[in-house]
Amino acid sequence: HRSPVHATSNAFKVALITPGSIADAAWNAGAYQGLQQIKDSLGAAISNIEAHTPAEQEEALRSYAAQGYRLVFGHGYEFQQPAERVSRDYPNTIFIITSGQRLSGNVIPLVFRIHEATYLAGMLAGVMTRTGKIGFIGGMELPPIKLGLDGWIQGARAVRPDVQIRITYLNSFDDAAAGKEAALAMIRIGVDQLHHNADAAGLGVFSAARESPGVLVYGANGDQKSLAPDRVVASAVVDLPRALLVVSREIQHGAFTPHAESFGLGSGVIRLAVNPELERLWPTGLAERIKAASDSIIAGTLKVAGQAPR
Amino acid sequence: MIDSALLVGFAAASVRVGTPLALAAVGESIAERSGMINLGIEGAMLAGAFGAAVGAAHGGVASGVGAAVVAGLLVATVFAAVAVAARADQIISGTAVTLGATGLTGLLAQRAFTGGNLSLPILPVVHVPVIEHIPLVGPVFFRQTVLTYACYVLIPLASALLWRTRFGLELRACGEAPAAATAAGVHVGRTRALAVLMGGACAGLAGAALVLAQVGMFTERMTAGRGFIAIAIVALGRWNPWGTAAAALLFGGATALQYTFQAAGSHVPYQLFLALPYLLALAALGMAVGRHRGPAALGQSH
Amino acid sequence: MSGTALAPDRTRSLLQATVPLGLGLLVLAGFLVLAGFPVMPAVNALWRGAFGSWYAFSSAALVHATPLIILGLAFTLGSKAGAINVGMEGQFAAGAIAATWVGLHLGALPAMVAIPIVLAAGLLGGAVWITAPVILRIKFGITEVISTLLLNFVGYAAVSYAVTGPLQESGRTYPQSDAIAASARLPQLSHGSRLHLGFVLALVTAALLSVLLRRTTWGFRLRAVGAGPRAAALTGRIPLTKVAGVALLWSGALAGLGGAVEVSGVSYALFQNLSPGYGFTAIAVALLGRERPMLVLVAGVLFGALEAGAGAMQRDAGIPAVAVQVVEAVVIITALLTARRSA
Amino acid sequence: MTLRLSRISKHFGTTVALDGVSFSAIPGEVHALLGENGAGKSTLMDIAYGMIRPEAGMIEVQQRGGVALATPAFASPREARAAGIGMVHQHFTSIPAFTVSENIALTAGWTETGRAAERRAAHIVARLGLPLAISAHVESLSAQMRQRLEIVKALATDASILLLDEPTAVLAPREVHELLEFLRGFAAAGGIAVLITHKLDEVFRVADRVTVLRRGVVTLTGVLAEQTPHSLAHAMIGADLARPIPLKAQPGVVAVEASRLSLTRGGQLAVVNASFQVRSGEIVGVAAIEGNGQRELLRAIAGVDDVVTVAGTLEVAGPVAFIPEDRSSEALIPSFSLAENLLLGTLDQSSWWLDWNAIRRDTQALLASHDIRAGGPESQAATLSGGNQQKLVFARALARQPRVIVAENPVRGLDIQAADMIQERIRAAARNGAAVIMHSSDVDEVLALADRVLVLRRGEVQDLPSDPTREQIGDALLAMAAAR
């Protein structure tokens, strides 16, 4: 059943397995965009599949490996264990696990140090808040989401030690109405700076902010200022397409030796996208403080703690 | 001062969250009064949400609402054809219809909305002059979108339809004793089909409320089980529109409460809050329904 | 005499199973044409993904089919006694939680002991989860359709709590449990295939249920309650609520077993989205199998193949995965309509 | 104004219910429609009321003003009502959860609801002189009140043609009297009343003309004054029936003993302070008008259904065989095979493991020994004719060698031959030592079978001396009625 790799042409074959719909305008959509760029820029033969359950995920990994794919992205920490099981049988395939847990043979984790960007966003929120209450709305309590939250909290505390942080989990990445109500519930108790990491469900947060004067929002994963141009101060961006493209290119060129790929502020994959429209609200000197913090993080002199995946 | 503002905010949120539930449940209560239990309203609601998004994207909120109703009606038509006309098992037909609508909206959404998140025009909050200033009641009930107001109109309308019109009498007869209704000259199949369609239209509106009054966009599976909840709400509300609306408000309150609790930073695991509305509904079913039975012929094909 | 009567009956059953499937595929083809996808490569991929090789069939189709069969049997068991269990998602979750909890604490035991304990935990978890609906039905006459449905959502929350709370992996980072003890895992049937002992268990369950329903007084009483409750009570002197309650309890238990088998045969750990809606799809499987255990088995394999094929369709032809839900809906509705016609 | 049905034909499956039946009724008359069970009476009236569509024939209604309406069929009861026809059905057609006025409004096709409907209903009830609690829910009404509601519903549309399908079956004598009086008045006012009944005395008290149906054809129609009970019975049955002279068994030991027994069902008192015995070898008939506690009494003896003993004692020797009234839902499971249905009745004797070969053999033997015409042990019970279904039910019950047999309406819906066979089986069982207690809503049936008769009225039991004559029972019923 293990179809021989040489049977196919020596085209560079790349597959992406997403744990949810690629139409989610967020985590999965970003990866899908990356896959498209891999096709366009590297001329790779691509394929993708949604695999929601552990059973489907392992099956998908195995199927791609068996079909001779050189590179298989498992888009989420949950692919780590099945990938480790599958990889033993397919040494010629490289499995890349986004937000992966550890390096294990040909299973390569792709680590996003998102907390470095959310730290900066947290600083902004700490300065901008009038009420001293800031809020975070998460889809589920997943490691990459908690990681971002950790950075956000540290950043805010760094500029305002007494800041209060409110946290809500929706247990859904789809239910945008829930995201909105959760945001409104926070606004009612005085939260005036909101950060989210809930993909499609998080879009409700922007809707809530649009209706609530004086509330500012901090986007996640993509640059989300277009969702509420007069409310979004900045977004903690993970440039997924770029990250995927960078690794794929290394592998295509054969320059790749197995190691954990870790992207932080220095890589450009992780960055803080500021909304220039709202920079007028920034108190004088803030821009410099942010820049300084960013530089220190890149230089390694400022360490943002976080449960970064091992 | 702060407390009363908080209370108003929470109560208004209950109304807002309860609106789509009430819309769907009022429609379903009509269907169930005719003897049809329609698990397909989850699908009708999702289709309504999708219709609302597509309609609003191309022709503004008004066409969004219109398209939502049409989409809800379409899904209900399938259910009526299978469960009323062909007299198939209602539970299984409803499950199938929801499954199909979930797949179809997902499929179409991937075609219609890929490439960025399309933000839609949403319904503005309309302040009803004068009454909005009534303490508590005003800001809670009369600073909402037109779809909430539509709900205020639909509840008495549905109630009047069921208890004040000839059609309502016939409809309830179909739900109590289809054979007796036939003997009285009622066209049971036609009446039930109409009731199911009304339920579908209301479910479509509920979908529109989600998209156009709350979120401003469509996401796959965004109804997240609200249609199923509406069915429980109908039983909680003892199969009458006013009771149903009250139950929807209660459920909306329980949901709003869980966000408030989470935001307030409780140490109780948040999953308990997530489960709270459902546990509450179950407990309420046990207490409230008790010996009160639904329409005698509910779920029976004729 | 009965021999000649049986033959046309069997042909009809077969026809009733194939017509819906054929129509479902036809509708799929229609959609593909409308949406501008190439039809032949898609159908080709569907076939290869399901039956193209022993590996595809055993590792994809049959692995998918296993929970569908077990849950289809669970639904059948309740439905035979006139109780409609639409809460199998919740019971599946409860069974998975229970099996995981037990599976994490069995390190020292040999597989011969550990596996039965894990499976029993699943049965128990599912039964516990359906207890409230059973009581509500018996004591208050509240239809299990609503109560079991509501508990699905509580089940989802319970898994979420388990994997972020008491059952979270030892690193306390990921919302998943540690892997269960190796001795608690269902062995794979052949090396290189993912087909595990759970499929055999599904086969045995189907055969057992078939025998129980056909050959024992217990099964006969259960069927009588579903087929003719008044006659069962008056002529058979069967206590209706008790028999229906027990059937519902076992239905929940079997659905819980489905969760245990998924954990110990496939995922080896508890995750949040263990089921892609098996609890609902299995209703269709039971229906398509005409609520006869051995036919449910066949229908489960067909649906498993369909889902496996859908994966391949997406992989190799770029067809969105949700398309298969539309096909399933069409299959169920056609099955309903053809069943009606022949009744 | 006249009602004329011409050459109406209708069949159900292989049963020919009506075969070219013509029937007409004229203003001012009460027209009795007679016939045995299954003769086609209900079918004919259902056709006149638009419930059933005939295969052939014509329905004509000539209005007072001379406007004639002729149609092959009414599409629905609505059309029939519009033509001035109202109907009281053989089975209740009121909705228990609805109020009296809602039920009237539904049938009458009113657009008013709520208060307005209540006022209108109150008005009608007053006009008809049939008092009813307008806003009460039907589920709280007694059987008599429900029957009255059926009549009010039929007349609420100002119908001038009233079809009544066995309206007296559930009524007490006084209420029967009131109803007959009402019908006379209705006819005297220029209306047409068509009355279906099995009771010849009612016919002679109220009817002007009579039509008799037998197996779907008219065997007699004419002025009642020219008929005698004998001539009517002859037309109904087809021949003077030479009923076999029953062989009586000697009563033996007491098998059923009730003393000061009171029973409730659903919280309502059904049987009060009843004391009686049934001995092995004897057949005790229970005569009662529907809804007077006979159902509860029989089911208590059989030990089925939710009948609660609230006082006194009831001792019954086992095993008990129970023949419930409704064979297709209470005695048989139509979708099960005959073998499975046999097992259903003998579950307490079967072990946990089922030996289907043995069960099939037993079934086959039973089919042969009781002359039950069926495909075989594997055929579905639903495919059997009514008579054969009932024969199966009896065969199954007798196979248990019961010491006590409890039977409700054992020959309802059976043709004469089948009925005779069943009755002979019951006698044979008694001769073999079984104690039999049976009820029939038809007093003549009770008479034909019973050695001894219990009369049950409002839950009170009167034990008649053994071997009663027809006169004795009649006297007993009359005496009880007069005592009120």
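For reference, chains read A, B, C and D in written order, and residue numbers begin at 1 within each chain.
By definition in this document, contacts are C-beta pairs under 8 Å (C-beta built on N, C-alpha and C of every residue); 3 or more make two chains touch, one makes a residue touch a chain.
Here the structure is a predicted model, which is why all the values come from computation and not from measurement.
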Ranked by contact pairs, first place goes to B-C
Rounded to the nearest Å, the gap between Cα centres of subunit A and subunit C is 35
Note: subunit D sits from subunit B at a C-alpha centroid distance in Å of 46
Where subunit A touches two or more other chains simultaneously, the residues are 21, 171
Touching two or more other chains in subunit C are residues 157, 160, 164, 322
Within subunit D, the set of residues that touch 2 or more other chains is none
Contact graph of the chains (line, ring, star, complete, other): other
Chain pairs satisfying touch are A-B, A-C, B-C, B-D, C-D
Subunit D contacts subunit C in the complex at 303-305, 322, 324, 326, 329-336, 340, 343-345, 347-348, 350-354, 356, 375-378
Subunit B residues touching subunit C in their complex are 37, 39, 78, 82, 86-89, 91-93, 95-104, 106-107, 110-111, 220, 225, 228-229, 231-232, 235, 269, 271-272, 274-275, 278-279, 281-282, 285-286, 289-291, 293-294, 299
Subunit B partner, complex, touching residues on subunit A are 21-25, 29, 135, 166-169, 171-172, 174-182, 184-186, 188-189, 191, 200-201, 203-204, 207, 211, 226-227
Subunit D contacts subunit B in the complex at 50-51, 76-78, 81, 89, 92-98, 102, 105-107, 109-111, 113-114
Counting only contacts in the complex, subunit C reaches subunit D at residues 1-2, 5, 214-218, 220-221, 223-224, 227-228, 230-238
